[in-house]
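Okay, so chain A shows up in both of these, paired with chain B first and chain C after.
Right after this comes the complex of A and B.
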C-alpha cells in the first residue's frame, strides 16, 4: 500500500525536474519550493506510515478477512454424517450456531461479572497509587514506581502459575497459614474462583495503569495545583477536586483498555481450567474460540465466534468513547 | 488480538501440511502408530521382534482432550495422520464423522469379527460399517474393602436401594467413613451409570441423531446420586486425586465404582491394601434383569491417510487378538484391562497376580459383568466436548450450585450447536 503511494509520488515527478526542484530549493521560485516541500512531506509521510500499513494489513486485515471467509465455510454433513463431509459454503450457519450456544453467551456473562469486580478496583487503586506518587508523599519516588510497575514485567502465564500455586489447597503456604488461624478458604471454589482470577489480572495490571495515571497527573499544569494550594485546599481536596477531574480522559482510557482486555481474557482462566473443573474449557469467549477450533475441530464455528467477539469489542469501545465524549460535552 | 489468532490459525494449518511421510521403497513396510495407552511400547517391540515384513514406528502421545486427540485431529486435517491410532469408545463417532477413521470392513478378514465380544463391536460400528477394532471392554464393578465391611458389619449391596441403606449404615457406624466416592471429574462415570439404568443419550433413528441426556433412566440415576450428595452419604472428590488416594489408603473411603481396568490402578494407589480389597458386581436397579454399563476402553483404527492399510490392519489384528500382544502389554506392569476378545480372557487372568484381591478371581467377576453390559448404547458425535461440559456442571453440582441433572441438560444444550453447525440432523428432546 505504502510502496504504491511513494512510487506514485515518484512517477508524478520526472527525474530532470527533480534535479531542478532540488536546485530550486536554493534559488528557485517560491511557489515551486512550496510545492516541492509538500511533495516531500507527502513522501515522508508515506514512508513513515508505510511500515505500519503493511504490518496492519498483514497481521490484522488479512487474518480478519481469512477469519470471515473461514466462518462462512464448514465441513458440511447430512443425516448422521458418517463419512459424507465436504467443505462447502454454508453462509451464516456457523453464526447461528454460535449465537444459540449457551456456553458462548455465558462467556460474556463471566466477562461482565469480571468487569464489575475488576474495573472499580483497578481504577481506584492505580489512581490512588499514582496520586500518592504525584503528591510527593512517597519517598524514593522512582524506586517505588519501579517496584509497583515490576509485576507488569512478569508474563501473564507466569503470574497465573505463581498465583495458582498460592491458591491450591495442599501446597499453598497461604491456604495453610489461613487454615492455621482457623479460616478455611477455597480460592478455587465456586464463590472465589472469579475473584481469584481478578486478583491475578489486577496484580499484573495495577502498576501499568498506575504509570499511565502518573503520566497524566504529571501533565497537569503545576500552576493549577499551586493555585489550589494557595487557595488553602488540602492535599486530599486538591487530589479530589482538581487532579482527578483533570485526568478524567485517562480514566476513560483505562476503563476502555480494561474492557477490551477482559474480552480477550484467556491466559489466566486457561491455566485454571487445567485443574479446576469449575473453570470450563469455554469459560471466556476467547477460550470458546480456542475450544471450538482445537477441541471440537470446527473452524467455521471458531471463526464465527471470533468475528462476533471482534464486533462486540468494537461496539463496546465505541460505546465507551461515546459515553466519555458526551460527558466532555456536558462539561 | 483477533487478527493474531487468525494468523496463528492460518500458520498452524500451513505448517502442519509441510511434514513429509517417510516411506521406504525397500525392506519392510513401515507404519506409524500413535497411542496414549501404557504398555504400547512393549507391544510394538514384541511386534517388531516377531514380524519382518511390517515394522511399526511408535509414538507415545498424551492422553485426553488437551493432548493426543487434538494432535490427531490436526494431523488428520493436514493429511499426515498416523497409519494406526488409538481411539477411546466415546471419541470414535466424532472421528468417523470427521473422516479420520476408515471403514475397516474391506480390510477385516472373514471370520475375524466373530472373535470379538458383540457389545464391544457394537460400539465401533456405525451404519453397518466397522470403523475400529476394540482392545478392551470395561464393565463397571464395585471395589470395596472386605476387612472394613466385616468390621462395620456391612453386607455387600446388590441393589441401588441396598447401596444407599449400606451408605447410611456405614455413616452411623463410622461418622468419618463413606461407602463410595462420586467423581465429578470422571466424565464417563455418570454416563456408565445411566447406561446401566437403560438410558440412551445418543441414538440414530430416521437418519437423524436422537439426543436425550435427560431421559427417564438418566433422571432416575441423576436424582439417586444427587440425593446421596445432598445427604452427604458419598465423598465428592476427583478420581485419582490426592484426596481420593488419601481416603482410600486411610480407610475413610471404603469403596468406589469404576471400570475393570481400575483394579490395576488400585494396586498402584494402595499397595498396603493388598489382601483387603474385593470386587463385587455393580448394584442393580432390577436384580431379576442384571445390567451393566462400561467405563473406559480403547479401540484401534486405520486412518484415511494411511498408505498401508493392509499392514496397519495386520498390526491391529495382532494387537487385539494375539495372546503374545496381550502378554507384552501386561508385562509393562499392573494392568487389569478386560480383553474385548473373550478367548484372551484366560491370558489376562493368568497374568494377573490375584493375591492383591486375596485370591479372588476378579476376571471371573469381570466376565460376568461384561456379559450383562446393556447393548444399544451409543456415544455422540462430539463426545469429548459434551463430556467436558458435563464435567463443569458436575463440579458446580458438587460445589452445591446446580444438580447432576442440570449438568447433563447443560451438556446436551452445549452439544446441539456443535452438531447443527456441521449440518447433522438432530432431534433433541
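Right after this comes the complex of A and C.
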C-alpha cells in the first residue's frame, strides 16, 4: 500500500512513477490493492483541486482568452444602438491604435516615474526599519511592528481619501502647520501630485514590506552574524556586508511585487481624479482600460490595452527574476 | 551605526507616520463640516460624532448599512469559501502524485503573476453574457479565485502535515477526503487562517471589480459606496463628514482582525516570502 503514497512532504517533486513499477513487480492481491489506493488518491486529488480548477477556468482562463479574441475585433454601433452591434474582425488595428495613442503612452510614463520614486524609498525605508528592529536596539519591537503594519489594514480607497484630505488646503492640519512656518506647499499641484500619490501607496505598504524583510533577516543563521561581530565588524558594517547580501532574494521579491502593483495602479489616482484636474481619467494604463471600455464603449481598444499591459507585466516580472538570477550566478 | 537612542527615534518617527493619518481620521469623524474645514482637530467644542453616526446610517435611506453588510458578506463568506478551495487544492498538489502536476501548478503561479484587474473587462463581458452583471454573484464568484492561496496552501501542507500522519489515518481505514477533513485540515489551521486573512483583506479592499460589475447601489461594498459619496461631496460639502465617519467605521473590522490574529499573519508572511 505504501508504494503509491507520496509520503515525502517536499513540495517540488517530479511526478511519482514508483507506484506503477511496484504494482507490476508484486503480484495478485497486493497489486490490486495498490491500484485501488492509487485510484482513490487520484479521485481525491481531483475532488480537492476540482473546485479551484473550475474557478480558474471561469474567472481566469476564459476571460484571458476572451480578452485576446476581443482585442482582434471591433464592434460597430451604427444606427440607434438597438440590438447587437456589427462585429468586424480588425486584426491588430486596435493594437496599433493603442500603441500610437499618446494618452496610453503617457500612462506608462506615469508608472515609470512612479516606480523611479517609489522603489528606492520603499526598499531603503522598509529594509532600514527591519534592520533596526533586527539589531535588537529598539524597544517594544512587537508593538512597533504592529503599528508600522497597521496601514495595510486600511483599504486603498480609504488611504487615498485620508491623504487627499491631508493634502487639501483648508482641511489639512499638515498644510496649515506648514503655512504657519511660512512654507506653502501645493501637494496636489503639478510638481507634487505624483510624489503625493507615491506617498499614499508607500504608506499603505511600508509596514507589510518591513515585516517581509524582518522575517528574512530573522532567518539568517545567528552564527554568521556572530562571526562577523567576533571579527570586530561594527553593527553598521555587519548590516551592510553580511545581512543585506543575505536578503538579496527578498529585495528582488519586494521590487517585483512593487512593479506588478504599480502597473495595476487604479484606485488611488481614480479618487484623486474626482477633484484634481491634473489626474486625468486616463492617468494610468488601468484607468485607460476602464475609460476605453466604459466611457468610450470601445471594447476592442480596451482589450488591446489590457493585453499589452499583461504582456508588459509578464516581461517585467520575468526580467526582474532573470536579473536576480544573474546576480546569484556571479556569486 | 546609529546609536541606540537614534534607532528608537527613527522607529518612533516611522510609527508616527503610519499612525497619525489614522488618528486624523478618528478625530475628523468627530467634527461637523465647519470644524472639518476649519482644520481645528483638537477643539472638542463641536463634538459631532453621534450626530455624524446618526446621519451616516440614515442618509439615502440607510444605504450605508447595506454597504457594510455587503462588504461583510463578500469578504467573510468569500474569504472563508475561497481559502477552503485554495488550501484544499494546495494540499492536493503537495500530497498526491498525478500526471501533469507540475505543469498545472505552473499555471497556478502564472495566475499569481497576472494582474487581475487586466481581466476585469472580459470578466464583465462573460458575466454579462450569462446575465450576472449587476448581481451579488458578479463580485462574489471572481473574488473566490486566489492562486496565491494555493501556493501558500502547498507550502503549509509541506510544512505542517507529515506524510506519516496521513499513513496512520489510512491504516485506520479512513478515506482520502475524510483524512483531509479530519486529520490534515486541523493541522493546517494556522496556515488556513493566514490565507483567510490575506483574502479577507484583498476582498475588503476590492474596488475595481465592483466598479466594473455593479450599478445597483444596494449591492455596493463600502469601498465603492464611499467613493460615490466622496464624489457627491465635491458638490455638497455637507456630505464630507459622512464620508469621513463612514471611512472610519470601514477600517475598524480589518484593524481589529489584524490586531487579534497577529501571530497568524506574521507566520504567514514568513512562509510566503522566505523560500
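The criterion applied here is as follows: the second predicted complex is superposed on the first by the 265 of 331 C-alpha atoms of A that agree within 3 Å, B and C clash if a C-alpha of one lies under 4 Å from a C-alpha of the other, contacts with A are read in each partner's own complex, and residues count from 1 in each chain.
Basically, a residue touches a chain if its C-beta (ideal position, glycine included) is under 8 Å from a C-beta of that chain, and two chains touch if they have at least 3 such contacts.
Fair warning: this is a prediction, and the values are worked out from it, not measured in the lab.
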Query: Looking at the overlay, what does A:170 touch: chain B (first), chain C (second), both, or neither?
result: both
Practice task
Examine A:93 and indicate which partner it touches, taking first as chain B and second as chain C; both and neither are also allowed.
Solution key: first
Chosen between chain B and chain C, the partner touching more chain A residues is C
_Looking at A:229 after the superposition, I want to know if it touches chain B, chain C, both of them or none. Which is it: first, second, both, neither?_
neither
Review point. Should A:289 be classified as contacting the first partner (chain B), the second (chain C), both, or neither?
Key: both
Should A:64 be classified as contacting the first partner (chain B), the second (chain C), both, or neither?
-> both
Output check: A:144 vs chain B and chain C. Expected answer is one of first, second, both, neither. What do you get?
second
Quiz prompt | Partner chain in contact with A:242 - chain B first, chain C second, else both or neither | solution = neither
Q.
Quick check on the superposed pair: does A:185 touch chain B, chain C, both, or neither? Answer first, second, both or neither.
A. neither
Quick one: classify A:211 as touching chain B (first), chain C (second), both or neither.
second
After superposition on chain A, the chain A residues reached by both chain B and chain C are 59-60, 62-64, 66-67, 70, 170, 264, 274, 286, 289, 293-294, 299, 302-303, 306, 309-310, 313
Per the touch rule above, chain C residues touching chain A in the complex are 1-4, 7-8, 10-11, 14-15, 17-19, 21-22, 24-25, 28, 36-37, 39, 41, 85-86, 88-89, 91-102, 104, 107-108, 111, 113-115, 117-126, 141-142, 144-145, 147, 150, 154-155, 157-159, 161-164, 166-167, 170, 175-177, 180, 201, 204-205, 207-208, 211-212, 222-223, 226-227, 230-231, 234, 243-244, 247, 250-251, 254-255, 257-259, 262, 266, 269-270, 273-275
Residue positions on chain A within touch of chain B in the complex are 59-64, 66-67, 70, 74-83, 85, 90, 93-94, 96-98, 100-103, 170, 189-190, 264, 274, 276-282, 286, 289, 291, 293-303, 306, 309-310, 313
Within their complex, chain A touches chain C through residues 1-2, 4-16, 19, 37, 40-45, 47-49, 51-53, 55-56, 58-60, 62-64, 66-67, 70, 125, 128-129, 132-133, 135, 137-139, 142, 144-159, 161-163, 165-166, 170-173, 176, 203, 206-208, 211-212, 215-216, 219, 234-236, 239, 249-250, 253, 260, 263-264, 266-267, 270-271, 274-275, 286, 289-290, 293-294, 299, 302-303, 306-307, 309-310, 313-314, 317
Listed in rising order, chain B residues that touch chain A in their complex are 1-7, 9-10, 65-66, 69-70, 73-74, 77, 94, 96-99, 103, 126-127, 129, 184-185, 204, 207-209, 238, 242, 381-382, 384-385, 388-389, 391-392, 394-396, 399-401, 410, 413-414, 416-418, 420-425
